[in-house]
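Chain nomenclature is as follows: A, B and C, assigned in order of appearance, with residue numbering initiated at 1 for each chain independently.
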Amino acid sequence: MQSLAKRDRIDMLLKIGRQWAIIFLVTELVFFSVMARGFLTLNAFQIIFFFGTAVFLMATAELYVIITGGIDLSVGYVMGLATIVSAKLIVAFSQSGMNSFLSILLGIIITLVIGLIPGMINGLLVSRLKVPPFIATFSMLGICHGISELLVSEKAAKNLPHLANAIGNGHFVYIVKDGGVSFFSRPEVARGVKVYEILPNVVVIAFVFIAVFAFILGRTKFGQHTYAIGGNKDAAIRSGIDVNWHLVKIYMLSSFLASLAGILYMLKYVTGKADAGASSLLDSIAAVVIGGASLYGGKGTVWRTILGGLIIAILETGLRIMGIPTFDKYIIVGVILVSAVLIDQFFPELTYKE
Amino acid sequence: MTKSSHVMIEESRVFRSIARNWALCFLLSFIVLFSLTGKGFLSVTNFQNIIHLSVIAILMASAETFVIINGGIDLSIGFIMGLSSVTAGKIIQIMSNSGNYSPVFSILIGISVALTISLLPGLLSGLLIAHFKVPPFIATLGMWGITNGIALKICKGFPVAMLPDSLTKIGNGYFFYIKPGDGISFFGLPEGVGNDQIREYFRLIPNSFIFLIVFLLILWHLLKNTKFGQHTYAIGGNQDAAIRSGINVKKHIVKIYVLSSFIAGIAGVFNIFQTGIGNFTPFGAMYELFAVAAVVIGGASLMGGKGRIIASVVGVFLIAVLENGLLISGVEPFYRFIAVGMLLILAVVIDELFPDLF
Amino acid sequence: MSYLIETKDITKRFGGLVAVDRMSFGVSEGEVVAILGDNGAGKSTLIKMISGVYPSDGGTIFYKGEEAKIHNPMHALAVGIETIYQDLALAENLNVYSNIFLGREKTKKKFGFISVLDHNYMHDESTKILKKLDIKIPSLKNNVRTLSGGQRQAVAISRSIYWNAKVLIMDEPTAALGVAQQKQVLDLVNSLKDHGLAIILISHQMRDVFEVADRIIVMRRGKKVGDLIKKETTTEEVVNLIVGSEMVS
């Protein structure tokens, strides 16, 4: 009887420990709430998500690729390229007389379509030419960088219509204190009246896409096949899955999300920058690993990855509010990254297993 | 055997020779090409320049060569170099400006400390990878972040300046200074000659070149002629076989990452000699990625078990000559990224088609 | 007759699973003992303990009557226990003589103090041993990757013989070979018997077992369920022990 009770206790401990990532997240929140003034506010939380959109999108992209056993090093510069391409297109359209909204919409759509190309090339290289993903996507990184430089050297992308800025920095919901609610546009108020801004547009857009891709990964045949390829590529081939075509789609999906991240960046900062996404690459891979996916493929879910991304985003924002230079952030992220893998090593029962 | 099959074997051997050294062939072709398209490409000065500027890349590539042959990868070398450069710089700066120590002494101490410190990240990575089974990608990625953070903390985000002049004198100096008709002097301009007269002198063999040759010889010997090198290939080829043959694989893996980290440290020290400033590594530098590219172009496989130092050096020169040549020929910089990307892919495809070539 | 190599109550656990449960058996000089059992019976784990790849969780190994502490592959090799694994444990990216000398490379001193690999020595010694075992391989400088299955097997066996194996463990030696090559390997095993080696053979091929083995040990779920003398038993009895539930001492 006694040993049974002990076993129950261990099981419970394991169940709690399995959620170590969430525990860590909560600890972070508590820590920063105490140590950083102004952390525990609606504004601060929105900032976390606002600045983190690129990482969340790219982490989702990387997750898909990593589950199949590959990696995509090009997302950072695909994002940068997208900022430049979308900015230039929108400027071109609006200067040719098209109204702001249409130019922006058209610019975005065309950029998204163009953004599929790097992914398609990556996918073809990896699946047909059997180029290791590391090499293929590293080459694409360079190529996108080169093309970005070329486009930017012609003319800087200025004169974006105001609407772009409004969308990029706007929110879904505005609540006037003691007053009404307004959607999408900031209400005109008298001086000194407080307006609560809720749900930044870019965050909403990003999360709509992330939710869609989470659904695809978890509930559809496409997602199922993705896991299968990562688990045992040969078995997947022999069950009739068109692995080559699937891999192409995966990499296209990845560069699509990277382009989206670039477009959102452009809307936020109304500019195009070649290396806009360079620093997010590391964070997005770290997010995937911290979120419990294995670099060898076959495991991982979108929400866990977002959790990993949150841990990093909270860390960065918290440190910033505390006034600690971001140098330390690199150290801490590095330590967390390695710890995540070690925990997986030592306590395999703790990590999320499907 | 019939005569025709004799001929066939002869042909395939020639073909194989070329394919085996395709990178070298490309290199030579590029040199010829750019001599024609770019004024000033084919000159002693330009070539010495190319070599001088490639030294760091070669150091990085040779570090990466060992790690990749062993079956791993090291993403942290770029920032370890920055850490070493900044550490040495800080120490030299403090010591030489305090007035208590001679520049030479401060430089020596700075170098020693930096090199010692640069052993640590490799030790940590190696232990994580060998004993805790952390995938090399992650372990070195983590180390990437940690060393970068520490380096930035040391220099507070700014390059470390105010260092003795003797650094660049050595770093950018040459072995021979020849004035046609007037004689030779070694290591520096002759007594009494000012810098303004330097144009009259024919400078030959940068000091960095001598350093490079000695360095490469040592590494080449290590990889080709010693048990250490042999075991590196074995572990990369079949880790289980290596374990079962009694090789202490875990210890070896740690040694490899310490070696790679140490070489990155040497690169950092060299960097100080070359620029006269302690530099942290900026984000976009991607030294490690270019090092991996050079090693792969040189013929190594990311799976491990294959590769040669000289081949990686060829890989570095291929990229360097390509960049230099395109620059001199006035080509838009964006084409160079595409060119490197295509070279990489070519390297991998050749590896696919001729797996037993190297 | 005393055993050259013997295990007493040797045990191995992986987490909650007992892979090898107090196995006791021995092999004498010049004797071939075959270990049979279904998948998961513990055969591979058993020999990995004897060859030092796994540390044991209990029990002892005796060599020439004295306790032998075998905690890693080096110890086993030092004692004279050589193992030929199912996947041959050859480094495909290295050539034939490098594989024969893997882990035990010979060096010489150049200029009096620099230590370099002595390729000539290793090449010549390897040529000698291959000739002695009558194995034909065109060039020892070729990478193992270019050799056929039978040739690779031969290289693995030559490696063990060269290093004066006293105990030779063979894990599924003929599994990947064609008929003619299988016969070659079995002939080799018989000749090695004459040299006084103690040979432990793991195989699924009943015919091979009955051709070379002197004794047959059957394992089931980590335990020894049979220790038979080949001449006194039949294929049927052996198969029954592998799958059935009878205990025969």
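Basically, a residue touches a chain if its C-beta (ideal position, glycine included) is under 8 Å from a C-beta of that chain, and two chains touch if they have at least 3 such contacts.
No experiment lies behind these values; they were computed from the predicted model shown.
Chemist: What chain lies farthest away from chain A once each centre is taken as the mean of the Cα atoms?
Modeler: C
Chemist: By number of C-beta pairs in contact, which two chains lead?
Modeler: After tallying contacts for each pair, the winner is A-B.
Chemist: Averaged over CA atoms, how far is the centre of chain B from the centre of chain C? Could you give it in whole Å?
Modeler: Centre-to-centre distance between chain B and chain C: 44 Å.
Chemist: Measuring from the mean C-alpha position of chain A to the mean C-alpha position of chain B, what distance in angstrom results?
Modeler: Computed from C-alpha means, the inter-chain centre distance equals 34 Å.
Chemist: On a C-alpha centroid basis, what's the spacing between chain A and chain C, in Å?
Modeler: Centres of chain A and chain C (C-alpha means) sit 52 Å apart.
Chemist: What are the residues of chain C that contact at least two other chains?
Modeler: none
Chemist: Quick one: which bits of chain C touch chain B in the complex? Just the residue numbers, please.
Modeler: 51, 53, 72-74, 77, 83, 85, 87-94, 98-99, 102-105, 107, 114-117, 143, 145-146
Chemist: With touch defined as at the start, can you tell me which chain A residues reach chain B in the complex?
Modeler: Interface residues on chain A, with respect to chain B: 71, 73, 125, 129-132, 134-136, 138-143, 145-147, 149-150, 275, 278-279, 282, 285-286, 289, 295-296, 325, 327-335, 337-338, 341-342, 345.
Chemist: Per the contact definition, I'd like the list of chain B residues that touch chain C in the complex.
Modeler: Residues 221, 225-227, 230-231, 233-234, 236-238, 240-248, 305-306, 355-356.
Chemist: Applying the document's contact rule, which stretches of chain B touch chain A when the two form their complex?
Modeler: For chain B paired with chain A, touching residues are 128, 132-135, 137-139, 141-146, 148-150, 152-153, 157, 283-284, 289, 292-293, 296, 302, 332-338, 340-342, 344-345, 347-349, 352.
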